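First the structure, which I've put down as structure tokens, then a few questions once you've had a look.
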Amino acid sequence: MSASASAARLGLNLTVAAAPLANYVPAVRVGGLLFVSGQLPLRGGVLDPACKGKVGVDLFNEAGQAAARLAAINVLAQARAALGSLDKIKRVVRLGGFVNAAPGFHALPAIMNGASDLMVEVFGDIGHHARTTVGVSELPLDAAVEIEAMFEVE
Amino acid sequence: MSASASAARLGLNLTVAAAPLANYVPAVRVGGLLFVSGQLPLRGGVLDPACKGKVGVDLFNEAGQAAARLAAINVLAQARAALGSLDKIKRVVRLGGFVNAAPGFHALPAIMNGASDLMVEVFGDIGHHARTTVGVSELPLDAAVEIEAMFEVE
Amino acid sequence: MSASASAARLGLNLTVAAAPLANYVPAVRVGGLLFVSGQLPLRGGVLDPACKGKVGVDLFNEAGQAAARLAAINVLAQARAALGSLDKIKRVVRLGGFVNAAPGFHALPAIMNGASDLMVEVFGDIGHHARTTVGVSELPLDAAVEIEAMFEVE
């Protein structure tokens, strides 16, 4: 099944690519690579209130994973807007995951799986990616998670 | 106007490319990409005292933006040193911005605009870039901001 | 001396490439670039207890450097597993270093040199790399250091 068909089957709405919060662009293509700016768990252009605050204090494992998934959906919306179709993606190369972690919260990989699982659901084998996950002290809008991506593209 | 002419018109001094703080190099080129190491708001090789500490406690919006701009000027100085001229840059592909944020300070995108605005002032349309901004707990030398970059080059 | 010979002479055991902690892969190659996922100071697949906690409180300079070196050894083990041999590496392009820093600990570049020095010991001139080092609030498994890498490869 193509990535766009998988995305449709999963019921993902990828038609709203969020405007940047500031003076940058959502994605830049250079040669066969597409770099997507760090995306937040926005819904309809505003931070989903359920995805706000520190993971481990304000929200917990399941909600944190949902925040990572939503941020990753926004990554895909940006890629689709830049490329015209998810089907132009040949490989998910790398995700960078930044978790707004409460002091002492170390289960960052489980949170980030909300994003990684989505990539595999949508892209299958070519969705498996390299990844770096760290816990940061603050994120824009007090979001729980921020995710950036690099794709290999046609 | 060329990027080097714009930089001159803005009065940017790009002749001092800071020595690395440790065992790495300021920039590496691979194929058509140039990767610039994380740069701090140094002036004459030392941290500008006005750019030290946590944004939201030790310095605030305008000073934080100035710190980001100064770190970005150092990014350009490194790129110029590596390439011989800013005019070899075909596109600013990506900036990574790390803000030494005080607890509860979320206005990170506004701070990072100090760097992004500079890129657009110097490069015009090809200065628009993808970007990831996060708040971190500590930076080298207690700098307020650190900025890394990727450029597409001739 | 070849990189693999240098690694052998240094007594590095690169035969154990750690399984990912979650739903991602250790490394992805795209064209002439290899991206290695963030690696922790694991030994035999588990976090080395001497490499756990906050640098500046739970461990100090020398132990922090050793943690960075061990994480970098795991980066090399992943690169070797992906490529078949370290000798396929043409250049260490970039390291990203994330230090689990205690509040007020700024000597991050010295810690990260544990990783950078290893690259130069193993690869010589082509081991010199661009680098970004930041202090983060939390890391997976409460590791002291996490390191990601990009290599130019044959």
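Read from first to last, the chains carry the letters A, B and C; within each, the first residue is number 1.
The rule is short, and it goes like this: contacts are C-beta pairs under 8 Å (C-beta built on N, C-alpha and C of every residue); 3 or more make two chains touch, one makes a residue touch a chain.
Since the model is a prediction, treat every value here as computed from it, not as a measurement.
Colleague: Write the angle of the rotation needed to overlay chain B on chain C, where the fit uses Cα atoms and the result is rounded to the nearest 5°.
Modeller: A turn of 120 degrees brings the C-alpha atoms of chain B onto chain C.
Colleague: Look at both sides of the chain A and chain C contact and report whether the same residue positions are involved, with over half shared, or different ones.
Modeller: At the contact between chain A and chain C, which are copies of one sequence, the residues are largely different (under half shared).
Colleague: Which whole number of Å gives the spacing of the CA centres of chain A and chain C?
Modeller: Comparing mean C-alpha positions, chain C is 25 Å from chain A.
Colleague: Provide the list of chain B residues touching at least two other chains, using ranges where the numbers run on.
Modeller: Residue numbers touching two or more other chains: 31, 136-137.
Colleague: For the complex, give me every residue of chain C touching chain A.
Modeller: 20-28, 30-31, 35-38, 96, 98, 136-142, 146, 148
Colleague: Flag every residue of chain C that touches chain B in the complex, lowest number first.
Modeller: Interface residues on chain C, with respect to chain B: 31-33, 91, 93-95, 99, 101, 103-110, 112-113, 116-117, 120, 128-137, 150, 152.
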